[in-house]
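What follows is a pair of complexes built around subunit A, which joins subunit B in one and subunit C in the other.
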Partner chain A sequence: MLKYRFNSVGLLLLLLIAIVLPFYLADYWIHSLTVALYYVIMAVTWNLLGGYTGQFSLSHHTFAVIGSYTSALLIIRIGTPLWMGIVSSCIFNAFISLLLGILCLRMRGIYLALTTWAFAEIVKSYIRMDFQFTGGDRGLNTPLFFKTIDPLPYYYLFLAFAVITILIIAIIMRSRIGYYIRAIRNDELAAQAMGVNTVRWKVFSFMVASVLASMAGTLYGHFIGLVSPVLGEFSEMAFIIIFVVIGGMRSQAGPVVGTISVRFLAEVLRKWPEVRMVIFASVVILIMRFFNGGLIEFLRKVYQRIRHGKDGESVSVFQKME
Partner chain B sequence: MGKTENLFLFFKKWSRGKGIEEIMNSQSRPLLDIKNLVKDFGGLRALSNVSLNIQKGEIRGLIGPNGSGKTTMINLITGIYNISGGAIYFSQDRIDGLQPNVIAGRGVIRTFQIPRVFKDMTVLENMMVPALCQQQSMAEAKARAEELLEFSLLTRMKDEPAKNLSGGQNMLLQIVRGFMKKDLRLYLMDEPFSGVHESIKGIIIKNIKAMNQEKMITFLIVSHEMTTVRNLCHRISVLHKGELISQGTMEEVANDPLVIDAYLGGE
Partner chain C sequence: MGVLYCLMSLGVNFIYGIMKVINWAIGEFFMIGAYVQYLLIVFFLGVRYWYIGVLIAALCTFLLGALVQKILIKPMFVGIIEEKMEYATIVTIAMAILFRNLAIFIGGPFIYTPPDYAPPTRIGPLPVSGNNVIAFIGTIIILAFFFYFLKRTWIGKAFQAVSQNRPGVLTAGIDVLKFDMIAFGIGTALAGAGGALLAPVLLVYPLCGVIPTVRGFEIIVIGGLGSIPGVFVAGLSLGIAESLGAAFINPSFVDIYGFGLLMLILLIKPYGLFGKPERSV
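Let's turn to the complex of A and B:
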C-alpha cells in the first residue's frame, strides 16, 4: 500500500514538473529532454519484456529502427501521408514482433538473448547494405511531425506518449495479465500447470513492448527529421538496459528515474564520452552486485527513513529487506 | 527374514479397508481412465502398459520404490511429457496430447515433488494465479485465498515473498494454491509429505480430507508414508519398474507377494 502510494505520488509530481519545466529551459535542454523521453519509452517497455516477463531481448532498439524506417520509406518511396506511414509502421511491427515472439517462445536466457541479438544485427546490416533503397549509413530525410524544428511541441508529444506507455504497462501489471507474466518469469512450468497460457502471454508481452518501442522510434524519426542505422547500434540496446538496471528493474518508476538521471549525467559529462561510459558501466556493476533494487529502491528506503525516523519502525523495515 | 516379517506386519497392522464400497461399486464411468499407458525415455521404458482408473470422489494412493515411474505418471497425465503409447481419458474426454494449461483448465491440478512456488511473488499473489486463470474477479479470488490461507495457518505469511518460506511452508503453499482453482476436479500430488514437518503434514491432511468430503474432489497421492497413505487413501496402486503390479485396499496390497517382493528389492 505504502509502495503504491509512493509510486503514484512520485510519478504525479514528476509529471507536473515535466509539464512546466520547458518554460524555464533553453531549446537545447528541451531537445535533450525530448530525446530522454524517447529513451524513457524504450526503457519502460523493455522492463515489461526483460524485467517482468523475463525475456531478455536484445533487439528492442531494433523495433524502434524498423518503426522509423517503415514510416520513412512509405512516405518517401510511395508518398503515403505522414499519419498513414505511422499507422502502417505500427501494424507492420505488430506482425514482425509476432513472428519473432513465436520464434523465441521456447527459448530462455542466453538463447533468447542471442537470437534477438542476431535479429538486430541482420536488420542493421540489411539497412547498411541495401543503400539504394534505405539510404545506407547516410540514412534518409523524413518529414517532420510538426513541420518545425522547434523542440517544444515534440517535447509534449513525447511526454504524452511516455505517460500513455507508462499507464498501459501499469494497467497490465495490475491486471490479471500482470500475475500471469510474473508467474511465467518465476517458473514457467509451474505457471503452465496452474493454467496460465504461457505461449499466449509471452507473445503478448513481446508484442506490446515491441509495438510501443516501434511507435517511439517512428515518432523519433519524425522528430529528428532523419532515420539512420545509428539507432540500431548495439550500444543503444546497452543503454536501454543500463537505464533500467540503474533505475530499478521490475519496478514501474525505476526505468523512468533511471533514464532521466543517466541521461542527465550523460549531458553533464558530454565532453568526456569515454569517462562517461566507464562511470555508467561501473554503476551497473555496483548495482548488480550490491543494490539489486536500483535507484528507486534506494529512494524508497530514504523516504521510509525520513518518514519513520532513524529508530523504531525503520529498523524492522530494514531487517525485512534482507 | 526378520526384515521381511517386520515389513509384512507393518503392512498388516495398518491394512484395514476404509468405507469405500459405495465408490468402488459405483456403476458410473471413472473420472480418470488410463489405458495401456507407455512412456519411453530414449531406450528406457519408464512406464509399460499401465492401466489405471480412478472414480470420482476417490482418494487414491500411488506407491512404489524410487524410480518406479510415479512422477512420470503425473507428468503424463498433466501433459508435461508426451505419451509414447496408450491413452488418457478424463471425464470421458481424451486429454493426452493437450497442453498442460489446457489440462489444468479442465480441472486437473498437480503439485511437484520439489515445491515450485513463484518465489518473487508474495504468498497471497501465489494463491491468486490459478484463480485468475479462470473467470474469477480479483476480489472474489482474494477472499477465497484469504480463507484458504487462514485454514492452513499461513495468514501471517500472506505478504511475504514466497522465497522467505521454509521448505515445508513452500510445500504447503504449493498444495493450498491448487485449491484456488474453483472447478478443481482431480488433484495429483507428488510426495506432498516428504521433507515436511509433522505439524504442516497435519494441515495438509486436514486440507485433503476437507476438500474431498466437501467438494468431492478426487485425489491421486504419491507417497512413501504408509501410515498416512493408509489413513488417507481409499485404495492403493503399486508401481514397480514401470509396471502396475498391484491394486486394492491397503490390506489387499500388503498381502500381495509381488508387492512384498518389490519392496524388499527382490531383483
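Let's turn to the complex of A and C:
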C-alpha cells in the first residue's frame, strides 16, 4: 500500500517536472523533447504489440505514416477542417489495421514479421511512386496544428497525448484483457485451451496499438508541417525497436525511459550519425545477449541494492510477468 | 537478374532450414562481400584475378558469419535465451544497422565503382554487358557446387538431416551446434559471393545490399520458408508478376507488384507455396 502511494506520488512528481521543464529550456531542446514524446508514444504502443502480446509487427511506423498522409491528403485535396482530418485518419487506420490484423492472424512467428514488413514496404513505395497524388519523395506540406512554429504548445499537446497513451496501456495491462494478452504471448495453445479468444484479443491489441500510433503520426505531421516517406523508412522501425529494447521490453516504464535516454544521447551525438547508430546497435545486441531487462531492470537492481544493502533476488523480466 | 537473387534467397533459406532463424542482416553480408571484393581487386589482386577475389570474399563472409553465429546466435540453442524468434529478429536487425553504419563510418557514404570484369559481349544478336554474363555464369557455378555439396557429400546429407530432425541427428552422433555454425557461415558466404559477383553491376555502397535483400525475402516468403524448389518457382512467378503488372497496370509501381503477390499468396496459403506449417511441440 505504502509502496503504491510512493509510486503514484513519484509519477505525479515526474509529470510536474515534465510540465515545468520547458520554461527552463531553449526552443531547440523543447523541440527535441516533443519529438522524443512522439517516439515515446510509438515505443509504448509497440511494446503492447511486440512485447506483451508477442506479435512481432514490423509495420508500426507505417501506421503513423498512413495516419499523417490520410489527414494531410484530406485537408489538402478536399479541404476538410483539421480536427475532421485527424478523426477520419484514425477511423481509416482502425479499418486498415483490422484488415491487416485479420490477415496476419493466420500466421505465427516469423511469417507475421515478414508480412508486416512487406506491408510497410508496399505503403512506402506507393507513397514514393504516386507522385501526383501523394507528392512523392518531396512530401506534402500540412497545416500546423496551432498555426505557429513555437514548439511550446506542441510540447504540451504531445505530453498530454503521451500520458493518455501510457494510461490506456496501463489500464489495459491491469485489466482482464492484460492477462489474456500475456497468456497469448506465453503459450497461445494453452491460452486457447483455457477459453481465451486468442483471435479477438490479438486483433484488439493490434488495433489499439495501430490507432494510437496513427494518432501520434497525424499529430507529428501537423507538428513539423511536413509529411514525407522518410517516416516510413525501415530505420524508423529499427529505432522503435532500439528504444524498446534498450529501455526494457515488457515493462510499463521501460520504453519511456529508453526513448528519452536514447533520444537525448542521439541529440548529443548529432554530429556523428553513424557513430551513434553503431553505438545503439551494439548496445541492443549486448542487452539482448547478456541482460534481458534493459535499462529499467538495471535501475531496479540498483535501487534494490541501495534499499536493502544487498543484491535482491534476481527476478528476470520474463519470469516476473508484470 | 532472377538467378542472381537466388543466391540471397538460398542463403537465407539454408539458414532458416537448419536453424529456424531468419537472418535479417543478409543484405549486409552481401554488402561486406562487395566491399571486400572491391578492396581486393583494386589494391591487391588487380582485375584479372577477380575470381580469386570472389573466393576470398566468400571466405571472409563465411568466417564473419560463423563468428557471429558462435557469439550471438548459438546461445539460443544452449538454453540461455528464452524468446528465440524475438531474440533472433532483434539481434539480426541490430546487426544490420551496425554493419551498415560501420560501412558508412569506415568507407564514407560514397559509391565505389569497381573496374569491369569483362568487356561487353554479344550473345547472338543481343549485346550484353560482360559483367552480367559473368555474374550469371558465376552464380550458376556456385549454385551447382552448393547443390553437389548438399546432395552428394556426407556433410551435405548431414545438413539435410539436421534440418529434418535435430534431436534425431544428435543421437546419430552429429555435433548439431558445430553444424549450425557452419550452416550460418555458408548462408552468409553465399550472400558474400553474390555481393562480390555483382559488385560491378550494382556498384559498391553501404546500402547496396538492400535491393537484393528485398527481392530475396519476397522470393523466400512466396516459395515457402525452408523450401529450395520453392525458391525457383517463386523467383519465376515474381518476375512474371512484375512484368505483367508493368505492362498492364502501371510501370512505375514495379516494386509494389512483388509485395502484392506476396500478400496474396500468404492470404491463400499462409505458409507459402511449398512451405510446411511450423510444428509446435
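Keep this in mind: the second predicted complex is superposed on the first by the 296 of 322 C-alpha atoms of A that agree within 3 Å, B and C clash if a C-alpha of one lies under 4 Å from a C-alpha of the other, contacts with A are read in each partner's own complex, and residues count from 1 in each chain.
Everything below uses one rule, namely that a residue touches a chain if its C-beta (ideal position, glycine included) is under 8 Å from a C-beta of that chain, and two chains touch if they have at least 3 such contacts.
Nothing here was measured: the structure is a model prediction, and the numbers come from that model.
Participant: Looking at A:Ile110, would you say it contacts subunit B, subunit C, both, or neither? Reply first, second, both or neither.
Facilitator: After superposing on A, A:Ile110 lies in contact with subunit C but is clear of subunit B.
Participant: On the A-aligned overlay, A:Leu189 touches which partner chain: subunit B = first, subunit C = second, or both, or neither?
Facilitator: After superposition on chain A, A:Leu189 lies in contact with both partners, subunit B and subunit C.
Participant: Given the superposition on chain A, which partner contacts more residues in subunit A: subunit B or subunit C?
Facilitator: Per-residue touch count on subunit A favours C.
Participant: Just checking: does A:Leu157 make contact with subunit B only, subunit C only, both, or neither of them? Give me first, second, both or neither.
Facilitator: In the superposed model, A:Leu157 contacts neither subunit B nor subunit C.
Participant: Kindly classify A:Leu25 by the partners it touches after superposition: subunit B alone (first), subunit C alone (second), both, or neither?
Facilitator: In the superposition, A:Leu25 touches no partner, neither subunit B nor subunit C.
Participant: Name the residues of subunit A shared by its contacts with subunit B and its contacts with subunit C.
Facilitator: 189
Participant: Quick check: in the complex, which residue numbers of subunit A touch subunit C?
Facilitator: 50, 54, 56, 103, 106-111, 113-115, 117-119, 121-122, 125-126, 129-130, 189, 235, 238, 241-242, 245, 273-275, 277-278, 280-282, 284-285, 288-289, 292, 318
Participant: Under the stated contact criterion, what part of subunit C meets subunit A in this complex?
Facilitator: Against subunit A, the touching part of subunit C is residues 16, 22, 71-72, 75, 82-83, 85-87, 89-91, 93-98, 100-102, 104-105, 214, 217-218, 221, 225, 252-253, 255-256, 259-260, 262-263, 266-267, 270-271, 278, 280.
Participant: Using the touch definition up top, name the residues of subunit B that touch subunit A in the complex.
Facilitator: Those in contact with subunit A are residues 78, 80, 99-101, 104-105, 109-110, 112, 116-121, 125, 128-130, 132-134, 138, 177-178, 181.
Participant: What part of subunit A is in contact with subunit B in the complex they form?
Facilitator: Touching subunit B from subunit A are residues 176, 179-180, 182-183, 185-187, 189-199, 250.
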